[in-house]
Each structure stands twice: as structure tokens, then as C-alpha cells.
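Before I ask anything, here is the structure I am working with.
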Amino acid sequence: MRHLIDFGDMTREEWDALSARTGAILDRPEDFLEVCRGKVCASLFYEPSTRTNFSFQTAMLRLGGTVFGFADPKSSSMAKGESLKDTVKMVSSYADVIVMRTPWEGAAKAASLYSHVPVINAGDGGHMHPTQTIADLTTMERLRGGVDGLTIGVCGDLKNGRTVHSLIKAMEKFRGVRFYLISPRELALPEYMKAFLRQQRIPHLEVTGLEAVIPQLDVLYMTRIQRERFVDPLEYERCRGVYILTRDKLRRAKENLLVMHPLPRVDEIHVDVDDDPRAVYFQQARYGMFARMALLSDLANQPRWDRTEPVEIGSAPVCHNPNCITQTEWYLPPLTRRLEGKTCCAFCDKELT
Amino acid sequence: MRHLIDFGDMTREEWDALSARTGAILDRPEDFLEVCRGKVCASLFYEPSTRTNFSFQTAMLRLGGTVFGFADPKSSSMAKGESLKDTVKMVSSYADVIVMRTPWEGAAKAASLYSHVPVINAGDGGHMHPTQTIADLTTMERLRGGVDGLTIGVCGDLKNGRTVHSLIKAMEKFRGVRFYLISPRELALPEYMKAFLRQQRIPHLEVTGLEAVIPQLDVLYMTRIQRERFVDPLEYERCRGVYILTRDKLRRAKENLLVMHPLPRVDEIHVDVDDDPRAVYFQQARYGMFARMALLSDLANQPRWDRTEPVEIGSAPVCHNPNCITQTEWYLPPLTRRLEGKTCCAFCDKELT
Amino acid sequence: MRHLIDFGDMTREEWDALSARTGAILDRPEDFLEVCRGKVCASLFYEPSTRTNFSFQTAMLRLGGTVFGFADPKSSSMAKGESLKDTVKMVSSYADVIVMRTPWEGAAKAASLYSHVPVINAGDGGHMHPTQTIADLTTMERLRGGVDGLTIGVCGDLKNGRTVHSLIKAMEKFRGVRFYLISPRELALPEYMKAFLRQQRIPHLEVTGLEAVIPQLDVLYMTRIQRERFVDPLEYERCRGVYILTRDKLRRAKENLLVMHPLPRVDEIHVDVDDDPRAVYFQQARYGMFARMALLSDLANQPRWDRTEPVEIGSAPVCHNPNCITQTEWYLPPLTRRLEGKTCCAFCDKELT
């Protein structure tokens, strides 16, 4: 059974196939109206994420499939008391595919061990959100003809931004990409991410100003800077204007620049940018829906596994990450995997110590 | 792009076309099972309104379309933080039509400026609720063969009743209608509504008793009297029995009278009236669903606007209505319109001062 | 109009027909993809019950039907203020079938008096939950070829378990069944249920240990023992291990035993049992969905009753059960019925005193 837990699990060939399928849907959506006919998607949102939820729901509906589930754990009796395993066993008795969002790292991976149907990770805490990356890459492919060779500026909170980290990691599949890392020093890209860029020989330059580098960029990927991230509030006030994109700052940008944003924005992109044809952040949301259609049409049509493999029963977590799913689901097997030469938890990917 | 924001925006010809389409659906619902196939409706209820919500949802489903959205702002991450513009941009990236209920006056109008798809106003605060009026008129058309020439008694709280005001205003499109305005003096129709009736030369008579006028009526439109509306609680107690409809009071009514109510009722219509064939308030709910099917089948099949027009960016509200959408969405353009010789806010229709 | 309020209302012939239809769906689900096309199901959950709710929703969707409703009373404006009658009148104006879960005993019966469409009881307080029983019986039929002649152990809290009581009562329709009643003395089957077994001449034996009787069983139906049910907490601690099913205790069981559970479980079945082929509690959930498909495909395709029969108007409850729906819905008729020689409330079945 193929699931989608981590974008990194996908090969370049698999990505190209998915991207081609997205293109086919965009070109002739009417050919796909029945692709998931009779298929039912469970949408399990253990934390609210209206945007991702709506995108998956409409993707499934546009393929002729249907959706049930919950948007908020509080309205579900499943959130309390029942183990994740039992919930997944039950839901996969009813559904043909599971889309799952949780605050716990590794939860989608854990679910995939017990599910009779494919599991799609719609975000597992601070860990992974592969379909956001897929939406981002699809936008670049469709509007720039491909990702290879692009010069990408990532701007804002590069220290904490999961979206940016995933996008950078995805570049191991592409060629000739270069990065401008635009952030205040306090919110610079973490060392392990820079090590990744060096190891992959991806050219990159750290800068603290946005305006000077704008003319070089093919893509400007904006993210939010949260006041709470700053130790010194004065530093925040000093910084904020620098990283707000305005129509004025766009003057010297390339004519075919793509201004992207994972949304929601607060004020890091001024509304006067919205009507500029280079502002593609709302189109990016729409491409995300089409990419999710491609994904669902592929995964949801696998044959159901009526018998799942027996899974080893654990007794206590081997991982020390307090947000890891193994902390609360004691029966999970003590799986590990090798990542960049280190032994890591196979659920949350944190190094075992 | 045609939206439905205000019933007053519709011409008599447009109403007749909508009404004819409703009739066609009622006569042969099986012909409409696929009319919205492949179309997805966003149902955005920023305040709970189960009845209206269910009516729109089932209307869309009966046309072969599908629905997503939220029924309660608290379960949506969209309610907090994000601007209405960004929400609409995002949702209209996923949907083919938006049905929207908000506590803010003018919100549906504001949404229509930014949407890539048609917007239907399902109630914007105390301002407009056009599909309730459509449901009311459809009931009269279907059960009495037309609205022209009817004698209509409106009974209850005529001062605050949005439903009644909308119904009266709708009569500018019809001929030969006359009104009995039945209410306690404290809850009489406001002066500006009476001015409207005079200006339109619609005959009307204010009375404080229900029983005496019942024999004249073709339609009796009941509404709720809320205790809180009375300054003097004793006055409320004295009044209440007068405006409660009972089987007994119906004795002298015409045989083809229509007893209507926008629902929910509390006790202003006694349950002993329910089995009288003249009690059509539950049928009225069903006609509302069919009228919404007619509306959706028309609006949702318009081609999508991938590029919307640039919209002027405002900087501060010009309107002083504290419930107007312009109070919280600062970027809305300072639009005005002329209404009955006055300059009004183009969102909430309140006079600018 | 045929409803499903109480499993006891169904004849053996009706059960056999339903069971045959379930079998047909299981064998050729593709033949049923359109059986409820164009039909809309209202799913009214006045208390959360995610499992039952999901099962009904997916059943309807797999028949080509659609679903609307609420999963939680708090997000519905219907929960407050409006009478059950008015809610049912309104919802049955929009829907083709109503699935209803409430904390009030007799509510589904009450709804059926006013509905224009069939009502299915998805649980009415401590009273009835007929589709759980249907799911249980379907599991036995499909996996053991029939219910007649089975030796069934029911284990856990036999005093309070509604599921177990319903299953036992259902046995009046079958032949040759025998029961082992396995529970601590404090939680033994109530006297009136034992009277029922005697009257039906169903052989049964009360035991306090699980291990000794396991080898005799064709079906072991496990239920949860709640700590709160014990007067003496020490007694609870002493008891608990006895009634926990483990792989070890299963060693001497028959090879074709069925281990069943209504779910959710807490710890009464150890996870090391899950991979044993005799553990069928997750399959039981899936059979429940197919049985609900059979039920919906039958009931939802009845012609709508546009006119309902006039219903007598009551004035005060004749029943003294504080959880009976007649306590809050004063207008309900004072209906009674004869049950085992006693005059009972026709809504909640409690004896009138």
C-alpha cells in the first residue's frame, strides 16, 4: 500500500508522474469528474486547519468522490480515550483513503501501520506537511515551466518555518536551484538546514535585507514573522518594515517573478501587491487543490488491504521527543531509521539519544 | 458575474424567470438531478443558522452538486486573524459558488468584490436575507397562483422584523397588493417603511387586533414577539394573547388563506393550527429549498472569473454604522450609492452622515 | 411509512430479507453504487457518537446518496428553543430519510409521528440502539453462516450494558441459541432480562470467570467494565484482570470462535489479541456499515408522505421516566402500549405507574 507521509519518500520519477497528472487535470478537469466515483475519503483533523481541510475536501469532491470526518477534535468523541490504532482500524473500515492532520509528530506514519487504506499526511505537528510542498512546487512548475534552475528567495522566519524547511529539503530532487535566505539574524536558517544545502551543493547566500536581492529572484517565497519569536520587542519593531513586501519594493523585480506565500498572511505582504500579476499566492492555493486531486486519484484507487500485517507490540517509547506520537501510544513498535548517518525515530525522525 | 446580494437588485423579469425555474424543478425534479454535477458549493456560516444552512445544502445536493464549509465560526481557523478578502480569495479558489452568512452588514457585497465565483447572501446581520423573501414569494406563487392582488396581513413585531421589512420592500415588483399591519403600538412598522408604502402607493392599514381583520386576508404572515422588545413587561403580558394564532381564531378566515411564518416559532402559532390545511409554514420551508435550487442552478453555472478586476484600496471606513463590514475590513473601497435620494454606504445601505 | 425505531418491531422474515440484502451488497457492492442516487439523508446527532455517525454517513455515501446534518448539538441552533416536532417537520421538508441520535428515550418514536420521511433510530438514550444489534447479528451471520444454534458468551458489565440487553432480546427471533453470562456478581444481568431468557426458554448459565467457559463458546461478546460502576474500588481492582481478554486466555478457545466488541474498547481486550484471526471486532464495524447500507437502501426509497396524519395533542406527560422525551415535549400524544402484560409508555417503553 502506498501512503504519503513524507515528501522525501517520493522519487523524482514519482514527482514527475504526479506533476504530469496534475497538469492533465488542469488541462481537462472534465476527464477526471468520475475518477474517484464510489470512493469515500475520511478527513480527520485533530487540530483545525481550515485551508488544508477545504483543499483536500474539494479535491476529493471534484474527482466524484465523497468526504466525511471531523474538522475539530472537540466535536469528535474519538479524540478522547480511544487509541490511534483503534481509531484508524475503525475509520479504515469505513473509508477508502484517510487524510489526517494532527498535532503529534509521526502520527500519520503510525496510522499507516494499521490502516486498511492509504494514509495521507496533512501535517503532523512541526514534523511534515508534504502536500504544502507539493502545492508550492506545482505552482513553480505550472507558472515557470519547471523548478530546475530557479533562483528562489525565502524571506521571513527561516528559523521556525516548517514550510520553508520542507521546500529547501525538496530541492534534493531538482537541479541548478539557488537560494537567497532573507531573514533577520535572530531568525536565520538553522545550522542543520545549512549543512543540508552544503551537502547537496545548492548555492545559497544569507542576507538581512529584502530590497537589494529582489532583482535576482525568480521566486520570492514570503513567510510570516511572529512578534513572539523575538527575544527583544524593540528588535522586532526595527525589523518588521524590512520584510514587508510592498508594490514599491516590487518595482525592480523581474517581470516574471513569482511572489508566493503559504497563507494565511497577516501583513507581510501589503494588499497593494495583490493586483500585481506577479502575486500568485492565491493561485498557489488553487494549484494546491489540483495537486491534491492528482494525489488522491492515484492513492485512493489502490485495492483495499483487508488483512493488515501483524505489527510488533511495543511497551514504552524509545524516542525522547515530547511531541512524538510514541509518547502517548505505548503499543507502537520501537522502529528506527538511519537518517544522514544517525539513528532516528522512524515516526518523528528525531535522533535517538 | 451575477451574485445575489439584495432581493431589490433583481428585476421583475428576473424574478419571473427564477420563479418559472422553481416551478419546473417542483414539477420534474428528476430533470435537475445533474444540473450542478461537478460543481462545489462553499457554505460559510459565520454565525449558526441551521435552517438556512440545511436548506442551501440540500438544494445543492439535490442538483447533483456537493458542499463543504463550516456551520459555526468557532470550528474554523478562518474566523480569526484572516481578512475577509483573503478568505474569499482562498475559498473561491476551491469552490464554484459561495453561500455566506455573517453577523456583519454588507459582508456579502464586500465578498463579491474579490470572489472568482458567485456569492449568495444567506443573511448579513440585520441588513438583508434575500433568499428568505424568495422562499416567501415562492410559497404565495405556488399556492395562490401569484403575488399580484393579494391582501397580506403581517402580524407581530413589525418594528424589528427584518423578514417583514424585506417582504414589504419586495412588493415594489408586484401589483395590486394591500397590507394589514397588525402589531402592538410599541412594535409598529417604522416610519421609513410606511413612507416606502406610501411612495409605492401600496394600500395599508395599521391595526392592533388580529381577530377583526382575519376574514379579509389572503395571506397571514406571522412573526414572533420577543418579550425583550417591550419596555414594560406588563404591556407584554397584556399583549401576548392577542397575537397568538389559534384554531379558534382561524374560524372566520377564508378557506384558501395561507398562514405563513419564517420559523422557528415559539408559541405565536398554537400547535392546534398545524393540522389545518391553511397552515403552510412547513411547506414554506420546502418551497424555500426548491427556490434555492433554482437560484443555485442559475448562478453556480456561470463561468469562473480567473482574473478579478483590481479593486480600489481604502484606508478607513466612511460609514458610521458600527455593524458595517467596513468597520473591521479597513482595505475596502469607500463605495457609496444613492438610495431614495440619499447618499448611502454601498455595503450596508446606511445613510452616510 | 416504515421506520426503524426498535429492533423488536422487525419480524424474522424482515430480518432475513435485510440480511440477504446485506449479503448481496457485500458480494457485489458495485451493483448498489446508485441505489440512493438523488436521495439526501439528514444526520441529526444530538449527542456526539462519532462511530455510529461515520458508519451511517459512509453507508449513505456508498449508495450514491448524500448527507447533511450536525454531529454535535452545540453547533446547531436547533438544539435550543425549537420543539422536536418543528425540527422534524423542517428537516423532513429537506431530507429523504432521517438518522437520529438523542439522549432522550423515545425521541425517535416521537419524531416518526411527525416526519414526512422515514426515521432511523441511531440510539435514543439508554433505550434502544437497533443498528448496533443489526451490526452484531450481521457479523455472526456472515462469519458463522447464521445465528441459530450458536453458544454465545457475553462478558463484562451485564447490568448496565444496553448493547448486551439488545442482543439478548434479539434472540427471540432465533432458535437454539444458548448464553454464558460472564460477569462479576455486582454487575450481573438484571432480573427482568433473566425472566426474559426463561420465558423464551433460552438456556443460560451465570458464571463469574471467563477462562473456564471459553472453550464452549462460538461467540465471545466483550464489553467494558467501568470503574465507576463498582461500589467498592477494591472489588474493582480484584475483578479487572479476570475479565480482560488476552492471547493467553484464547489458547483453549475454538478455532472458529468470534471475539466481538461494540467498540470503543479501553483495555478489556489486550492489543495482543488484535492479530488473532478470531478477533473480529474491527470487521464487526465494517459489517455494521454494510448492514446500514441495506437498511438505508430499503427505507430511504419509500415515497415521501407529503401530508402526515393529524396527531392528537397532549397536555402533560403520562410517563414518569425523567429521561423520556414526553417530559420536555408536552404536546406529544399520551400513547401507551402493552408489553409483557404491562401498560407502558409507547415512547420509552417504561411501565406506567
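For clarity, chains are labelled A, B and C in written order, and residue numbers in each chain start from 1.
Here is the rule we go by: contacts are C-beta pairs under 8 Å (C-beta built on N, C-alpha and C of every residue); 3 or more make two chains touch, one makes a residue touch a chain.
The structure displayed is predicted, hence computed values, not measured ones.
Participant: Chain B and chain C are the same sequence; what rotation (0 to 180°, nearest 5) superposes their CA atoms?
Facilitator: 120
Participant: How would the chain A/chain C interface be labelled, same or different, where same requires over half of its residue numbers to be shared?
Facilitator: Chain A vs chain C: different; shared/all numbers falls short of half.
Participant: What whole-Å value do you get for the distance between chain A and chain C if each is reduced to the mean of its CA atoms?
Facilitator: 41
Participant: Of all residues in chain A, which are in touch with two or more distinct other chains?
Facilitator: 66, 75
Participant: So in the complex, the part of chain A that touches chain B is made up of which residues?
Facilitator: Touch residues, chain A against chain B: 30, 33, 48-51, 54-55, 57-58, 61-62, 64, 66-67, 71-72, 74-75, 263-266, 271-272, 274-275, 282-283, 285-286, 289.
Participant: What residues on chain A touch chain C, complex-wise?
Facilitator: 37-38, 40, 42, 66, 68-70, 75-78, 81-82, 85-86, 89-91, 93-95, 310-311, 313, 331
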